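Read through the structure below, which is laid out as structure tokens, and then see the notes.
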Amino acid sequence: MAGNSIGQLFKVTTFGESHGIALGCIVDGCPPGLPLTEADIQKDLDLRKPGTSKYTTQRREPDQVKILSGVFEGKTTGTPIGLLIENVDQRSKDYSNIMDRYRPGHADYTYAHKYGFRDYRGGGRSSARETAMRVAAGAIARKFLATRGVEIKGYLSQLGPIKVEQFDWEQVRQNPFFCPDASKVADMEQLIDDLRRDGNSIGARVSVMATGVQPGLGEPVFDRLDADLAHSLLSINAVKGVEIGDGFACVEQKGTEHRDEITPEGFTSNHGGGVLGGISSGQDLIAHIALKPTSSMTTPGRSVNVDGEPIEVVTKGRHDPCVGIRAVPIAEAMMAITVMDHFMRHRAQNADVVSSAPLIPPAVAD
Amino acid sequence: MAGNSIGQLFKVTTFGESHGIALGCIVDGCPPGLPLTEADIQKDLDLRKPGTSKYTTQRREPDQVKILSGVFEGKTTGTPIGLLIENVDQRSKDYSNIMDRYRPGHADYTYAHKYGFRDYRGGGRSSARETAMRVAAGAIARKFLATRGVEIKGYLSQLGPIKVEQFDWEQVRQNPFFCPDASKVADMEQLIDDLRRDGNSIGARVSVMATGVQPGLGEPVFDRLDADLAHSLLSINAVKGVEIGDGFACVEQKGTEHRDEITPEGFTSNHGGGVLGGISSGQDLIAHIALKPTSSMTTPGRSVNVDGEPIEVVTKGRHDPCVGIRAVPIAEAMMAITVMDHFMRHRAQNADVVSSAPLIPPAVAD
Amino acid sequence: MAGNSIGQLFKVTTFGESHGIALGCIVDGCPPGLPLTEADIQKDLDLRKPGTSKYTTQRREPDQVKILSGVFEGKTTGTPIGLLIENVDQRSKDYSNIMDRYRPGHADYTYAHKYGFRDYRGGGRSSARETAMRVAAGAIARKFLATRGVEIKGYLSQLGPIKVEQFDWEQVRQNPFFCPDASKVADMEQLIDDLRRDGNSIGARVSVMATGVQPGLGEPVFDRLDADLAHSLLSINAVKGVEIGDGFACVEQKGTEHRDEITPEGFTSNHGGGVLGGISSGQDLIAHIALKPTSSMTTPGRSVNVDGEPIEVVTKGRHDPCVGIRAVPIAEAMMAITVMDHFMRHRAQNADVVSSAPLIPPAVAD
Amino acid sequence: MAGNSIGQLFKVTTFGESHGIALGCIVDGCPPGLPLTEADIQKDLDLRKPGTSKYTTQRREPDQVKILSGVFEGKTTGTPIGLLIENVDQRSKDYSNIMDRYRPGHADYTYAHKYGFRDYRGGGRSSARETAMRVAAGAIARKFLATRGVEIKGYLSQLGPIKVEQFDWEQVRQNPFFCPDASKVADMEQLIDDLRRDGNSIGARVSVMATGVQPGLGEPVFDRLDADLAHSLLSINAVKGVEIGDGFACVEQKGTEHRDEITPEGFTSNHGGGVLGGISSGQDLIAHIALKPTSSMTTPGRSVNVDGEPIEVVTKGRHDPCVGIRAVPIAEAMMAITVMDHFMRHRAQNADVVSSAPLIPPAVAD
């Protein structure tokens, strides 16, 4: 069962290779009546698209999206929305040297075993280029969620050793790193310049949150909101870890520290990250992800070729020294898709529920 | 879309509340011809069952499993396997005091919003008692995977501040903590005794791995092996974080450190945790999870009642001071279910693939 | 991907063999707050259960259902509902003679090829005994649908050559054939008596309808209401054909005859069976099914044994001379499950839709 | 849960409206290594495409398909295959008159209720133009199945009152009706000419079969091969009935007539249509469908407008007097998709099964 769909009710199915003709996706299940234009989607795509600063890959892709179906007279019709982005700046010949060899840390070796052969041009389907369509589909989810008061926003919380210390949402969209701490931007620039010069790369931590989520979303026992979010975020290329709320810090916490107490004025804290028992609590939904340093770099690495002989590999092509940077809009998109899907799943079963439970405000500090 | 199934092809659907009549599950899709007895399943259930040491809950449940269907003359038939465990040691009256109040850090508040009302006895469906059926279903997956040379094993890698330092698999099943470091067991005993006395609880870190997994399992781009594993593991009660391989340590790694180089004699390391591009590499599949400290404790906590009035809650009943301890067999079971499911998904599409790619051994250090 | 679940949002998963310990199912996704008792389910089970008249199988099964979970204080909680029926009147030794041979017209041969071996006692999983759980799950769907004004009712429209000519709903529950035409009951009794004497069996036609279905249910282009209904009804043992509305009579109709014209006072006819473009129109939802004559009979038939040698088979055991008779409550249950599922699917996407389209009453003649 | 996907493992998801920019689909799960070109798909599309004879709609669509992904160096890669067909001959203004009115027998009224508004141009998503993508996806399934010796072929078995009497497969592709009886073609031409002159339309019966299907495909108890086939075929526009094998003729058959006896030389007959207990028997898989007369015709019909006022509707635009004619390649495609999906589902669970059951040849008369 091939896994190119995500979401059960707000279902996104994507196709496309890095150096193929086009990328595309179908969003099936979007509620009808939502005002939607290509510009709504393009806005998010432009945040992810390559070549916008010297800190990301230099491949120039306009990532111009076309809506092919599912929208009529400016509104979604409830039928499937077909989206298409043509690839325009392939340089497939950069990859002829990896045709018969497996780049270490890449999916070359595993694709070869799984499928018997692979489209090696630019990583084919395993390329992060595939994530463009996630952002496009996520933009539709975000547009809908906004009508319900839900806002989704992410930021780079750590670039290699550089941790964010001050926090200002206004800054996030004003530097090429999605960094909320203006005082760290110069360090980040320097780090990336150094890495590029050294033919190396670096990991990153990205944080993403949703505000305004109603209590009740999530489907225990398996499809908990946080479990589905973990699936969704870990499906992004290069992600190696997910935390909900305090995440791994919980390991050393005591119960009296961790539990978010409840008062009529609001929760006293949000260690849980907005989820209790797999269901949203109405607090901010908070997740963090760890992204590995990309293995696409010019420092030679040991590997084998298709005949099992030892070789050295140098990854040419145009690459991001830190894939975590452009991961911010992707993580936002994935959270949007998951929250949207759970909004729909919840109401499918529970549309008639009129709960008399009191509505507790989120923690003041959120 | 209620979420009480996991797995697409090896599909496990569970039911049952903490203080209901019984817990049950249906395993649909198990290959036919697998020798299977109740003892095979009971063996794993006994590892998870409550009341076996003073470090876990004192509820006494024999957790005696019955196979109701799908097995004939000692072998699975390929038809759905029905499993049942009767509850025998409910003490529902312990819970009458939480009928009209929401325990902080629990799912009481969120269930009330989602469903309008809740079975409050012992946490109802949100109780960790539900995980018994995960272990039962996982035992079947493990039995099958063993025929393919796959072994799954976990351990407690950290209990609150106490980190495992020495490693001996033999130790894991010989202390009530699933701890591979015999030198830490006394500290762990002391810590749990102290917590119980203080009416408090603590978090934990559990590690789980699968050896012998063939290269090729995993369904990019969304249903990567690691993404599905993250879903599976984060669906366990109290889990707040998942790492694949080096996980959050990747954030500060450089590409040259992280990428697992390949030699004809084997991979040189396993930072990736056995997954590349969402597909198993043949190295050990490694995951770590963070479990929060349970919110079931006798230290009073602030909350509200169903009328929104401020109250104090003390959680009576019988509880684990650290749910992470008994999470080891549960995490093993969830990994088994996910690997089994991907084994089947892979062969559905790729049974005909004869890959000529060389088979690289896992890292020596694994 | 084993297929023992039906429904996407109101999801029913069953297990159990004819001569196993028990039959069971899990209903996942039932909306919370629905009053539900075992008696609600038993009522429908009693209509299907064997041994109630001399015109059906003489196996005596009380089919006593137990609710194991998902109901608290008399109402569904929204968590999975576990149901169980113990088998009490197996006579497995009746079947020892078919252990090594394939009954013609039965699933023996195909199960042997699919799974390699089979539980031959009473047909194992392929027995119509499995349908008990469909009726149980359907009873829950019917109870919910009744709260929305939807009623589902079926009848035997033809038994072999005997066609129903007069129609009186009151009669349906007053004879063992679910026949709406009292004047045909004596003929039916005679026919069944003759067949039993001759060691033969006969086919039947069953009709089923839902009244009160709101316009809008159905999910084009593939999961049309009628396509899902066809799947649902054809999944019943022995069903070989499904018609929606006029069905095969459409082949000879002209467009001017078939199209159901619309007037402000109502549709002028209901040739379409309540579905247009795969979506319910608000007219009565009407389906008909053809059931083959059971192959369980005492007239010897040619076949082969497991070694491929020619043999004669006589099916002993206790059987229905016409499986169509007891199919009436089963068909009702399957229609209920499908309509319920589509009710939930529709509102997941379209709960916000406020259509200004006029509501046209169903045809008077419906 | 919107329903624009079909198949579980060989999963086809489509988008596109009659008068939109393009039609498209994603085929996810196709096994890798299958040689595939656009010409392979075009060949089937050309059989369905409009405007090829005077007996179908005069809309001129080249239906030129583009493969956008999933194929590399002439072979499928195992990643999703994106397909696109641009619409070129829309005449949307033909439909401005139905913007505010509901055509009887069409989906206008039901779409308006379901989604609140609709793309009325050419029927939007409810148009049979959507079926082009079914044929495209089906062509891929057929290409794969052919490598396993499975061939799928259909024909028009009845056009209104004109029944096929002689049978010659060679004829089917040699007349515009897909009619296997050359002696009936002139009558069919006359009938269609008369209907077009009279502004009327007619129903049809289409038959489709698969030869060479191995025994074992089908997933009881719900996802039987025949039940899934019924879903698949009834999801085609205008289909109102499905029969497997003898279908509704079973109603009047006795068990001794219907059961297909088994001899070492072969089954003696194929009343069951190649399915026993929901699983393929190795005999020819046979299905028949009934298609209603299209409601698109120039004879005025009574209806209401969006304000509920009585009106008359004349359907302009370019239409097929009998949609059954072009349904032949569509039915073939749907059967191919379903058989392909079940081939993959079967081997996911049962790839290891080595059945010792004898292989019985299909009936001679098949």
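Odds and ends about this structure:
All chains are identified by letter, namely A, B, C and D, in their written order; residue positions are counted from 1 within each chain.
Here, contacts are C-beta pairs under 8 Å (C-beta built on N, C-alpha and C of every residue); 3 or more make two chains touch, one makes a residue touch a chain.
A quick map from chain label to UniProt name: A, B, C, D = Chorismate synthase.
The model shown is predicted, which means the values in this text are computed figures rather than measured ones.
Contact with both chain A and chain B is made by C, D. In this assembly, A is the chain whose CA centroid lies farthest from the centroid of chain C. Per-chain Cα centroids separate chain B from chain C by 38 Å.
The distance from the centre of chain A to the centre of chain C, with each centre set as the mean of the Cα atoms, comes to 45 Å. Residue positions 1-2, 4-5, 8-9, 14, 29, 32-33, 78-79, 114-116, 125, 220, 345, 348-350, 353 of chain B each touch two or more of the other chains. Those residues of chain B lying in contact with chain C across their complex are 1-2, 4-5, 8-9, 11, 13-17, 20-24, 26, 28-29, 32-33, 66, 68-70, 72, 75, 77-82, 84, 114-119, 124-125, 348. Against chain B, in their complex, chain D makes its touches with residues 1, 9, 29-33, 78-79, 220, 344-345, 347-353. Listed in rising order, the residues of chain D touching chain C in the complex are 1-6, 8-9, 14, 102, 104-107, 109-116, 125-126, 130, 158, 160-161, 195, 200-205, 214-224, 226-228, 230-235, 237, 240-264, 268, 271-273, 275-282, 290-297, 299, 301-304, 306-310, 345-346, 348-350, 353-358, 360.
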